[in-house]
């Protein structure tokens, strides 16, 4: 188990290193980094100072070293637009994004998993068909379309909810629903197929043939086994939440990290983009580590350690 | 004059294959319609997609108060929504096709390279796979667009790479299986060159799995491109795509919802069709895939 | 006349690592194997699973490079695998695998696959190739109309015949058959073995017949070699080895063959099946040998003629170097 975790940690660190390398490579390829990070109308002396400070006149591998060091110490450059540190700019937007993504994750899990389980247990019933149809809709309707339609219906036609901005908690309702519903549908579908696969296993039949009440068969055998593949998809969910947040925040003018990213890309504000890139990578890596940890705890084959038969 | 007798093949007659279910038929019909529209865009479109009709700005579609002059209404500059929709379909489909093929070719080639050379090459490919799984693709794409600016070629290549690791995984896995004890090892033992092994044997055998993956990736690319274009970072004006139409239509959501509804519905129906077809193909061709 | 195939001192090692941070262990699949195959004759290689006989087959054909030792085919050294020279030499030697279904491409009809070696080595014209394919199919007992069938439409025995036909397409001088009949029904096994003997008589192809089934090996071979844990422990004429096995392992193998009327005297091997990653020191068989002595745990026995009848055997006791003991406890090789 310990060895399993150790290898996972190593891979996580390697992945972050790769993302940093990627940012470095892309930064170098796209032009003069000093010019880009300082901005087009920065005075030449500042650019030169930046270049010297970052050692851009040195061989590439030394620059890479410096770059890595700068990142690790938290120096990610300044935003072009308002000159503040990129990392500060991004950090102050994080709470807003969390305010959307955490409830949305709750919706995804709280709605998706039970729906999937129920659909699997009552296969071919109307609930099952409903779940499948909604799941397909969740997959094919992009989040911006869903968001706009919700706005159209609830904000424009019915006037119940506001359509944008962040003034009150009521402003969060539509964005959270938009973000959560699509993922809930996909999660429901996945949970359903994981449950169906487990339910089709011989040991389920054996358990119920032994006389164990169906309810106990489900809670003690089917669910724990179906939980294992479902846990692995949570890492994927986090990724799609982040991507979804980018779009949803733009649809609802919600001032979070996603919206900042879109604006920064439009302005080619590379320091901010780079900062967000690293933040997202770190989040994904941590989410995957948590998933790996959960997986290691849940799957008894990993828990017992790699004790092979002699 | 009697012909020479045909040699009778002693093989069982092929079973009749069940036809596709009605939903899939709908999907096929819709997709065919979209393809037709894309190919015949110049002929079908009543106006050029940049043509302005300032006297008829923001006119609603037929049935909601509009005229047959502009069956789906016009936007804020008087441009005909139907025409823009037709050209948008062509743009979006072109980009999606191009990207899908690029992804499949690059992914399969890398997968084959990893399987054939093993060792360092394989580790490098696997590390790349790890890397692309470490970031949601939208973020990666946005970052690249930020650094390199926007161009259609870059967009297509970028979108193409969004699912490359799927093809790489399939190609590598199946090539390894074939190579270890299977037909690829046998043909190598016959003295075949690697080109022959991969081209004539491995590729046809994995083609159906790859094609199913492609049909599943295709709608994702359409959604990605729409999303990027909606955010203003994908297809740039004067070109128009389904996503960018929705993006522009958003400002007139209250006054003229038809501007964004038409492309939005098209996006949904198209991705739905391809997904249905892909699912059906997968069930038919490769029950081992999940 | 030099033998068609000569292999001397072949060694093949694999390195396995337990997990990312585990120790690296060396697995010696083949540990000093030498053998010869004469033109038009069959050498049988027999041993249990994991003894390295399949690896030997691959080394002999040059599909893998040995870590030590040399393979010479028709007097010339074997080219390294993957080179153009190696590919060209495939026309003269072929391998027949255990699983005929896996060895055939399920998307192509059998006839196209039998013709493939002719295409690869550019033998004949397309018209002549079709005729040759028909001839080949007939020679293995199939009908020409089988050429249009797909592998999954044939029975197991028919598939193996098709694989044989493909292997013989270029009229090779050497055929290496790695467990060619293990996947077949018993009644079909006999047919395929007879077919092999027939083909050899007709075409003069030499055969290296690898199997764990001593009876099958005896039926088709002119000489037999017994392998244990990567080494050859006994070599000789099939009848001699079968009726008077010299090595204790060969004795156990022979006694395991059910024979009506043979009373008792079944040698049951104790201990666990060998693990090539964890070799016993000295003679690899000593943990399971009922007549081992102390010397057997220290000195690896050489394969040499024993005094008396000159039978090649690798055993200290059989060579008369020590008196037979009563077995010893296992001593592992130092890591």
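Per-chain numbering from 1; labels A, B and C assigned in written order.
The rule is simple: a residue touches a chain if its C-beta (ideal position, glycine included) is under 8 Å from a C-beta of that chain, and two chains touch if they have at least 3 such contacts.
Remember, predicted model here, so these are calculated numbers, not experimental data.
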Exercise. Find the chain most remote from subunit A, comparing centres computed as mean CA coordinates.
Key: C
Quiz prompt | Chain closest to the middle, measuring from C-alpha centroids that were averaged per chain | solution = B
Practice problem: Round to the nearest whole Å and give the separation of the Cα centres of subunit A and subunit B. | Solution: 24
Exercise. Please work out the Cα centroid separation of subunit A and subunit C, and write it as a whole number of Å.
Key: 54
Quiz item: Using CA atom averages as chain centres, what separation in Å is found between subunit B and subunit C?
Solution: 50
Self-check item: subunit A contact footprint on subunit B (complex, rising order)
Solution: 127, 130-131, 134-140, 142-149, 219, 223, 226-227, 230-233, 246, 250, 253-254, 257, 260, 264, 267-268, 271-272, 275-276, 290
Practice problem: Show which residues of subunit A lie in contact with subunit B when the two form their complex. | Solution: 11, 14-15, 18-19, 22-23, 26-27, 29-30, 136, 139-145, 148-149, 151-152, 156, 163, 193, 239-240, 242-243, 246-247, 250-251, 261-262, 264-266, 268-270, 273-274, 276-277, 280-281, 284-285, 288
Practice problem: Flag every residue of subunit B that touches subunit C in the complex, lowest number first. | Solution: 7-11, 181-183, 185-187, 189-193, 196, 201, 204-205
Exercise. Give every residue of subunit C touching subunit B within the complex, in rising order.
Key: 61, 63, 86-91, 94-95, 97, 99, 102-108, 116-117, 120-121, 145, 148-149, 153, 163, 166
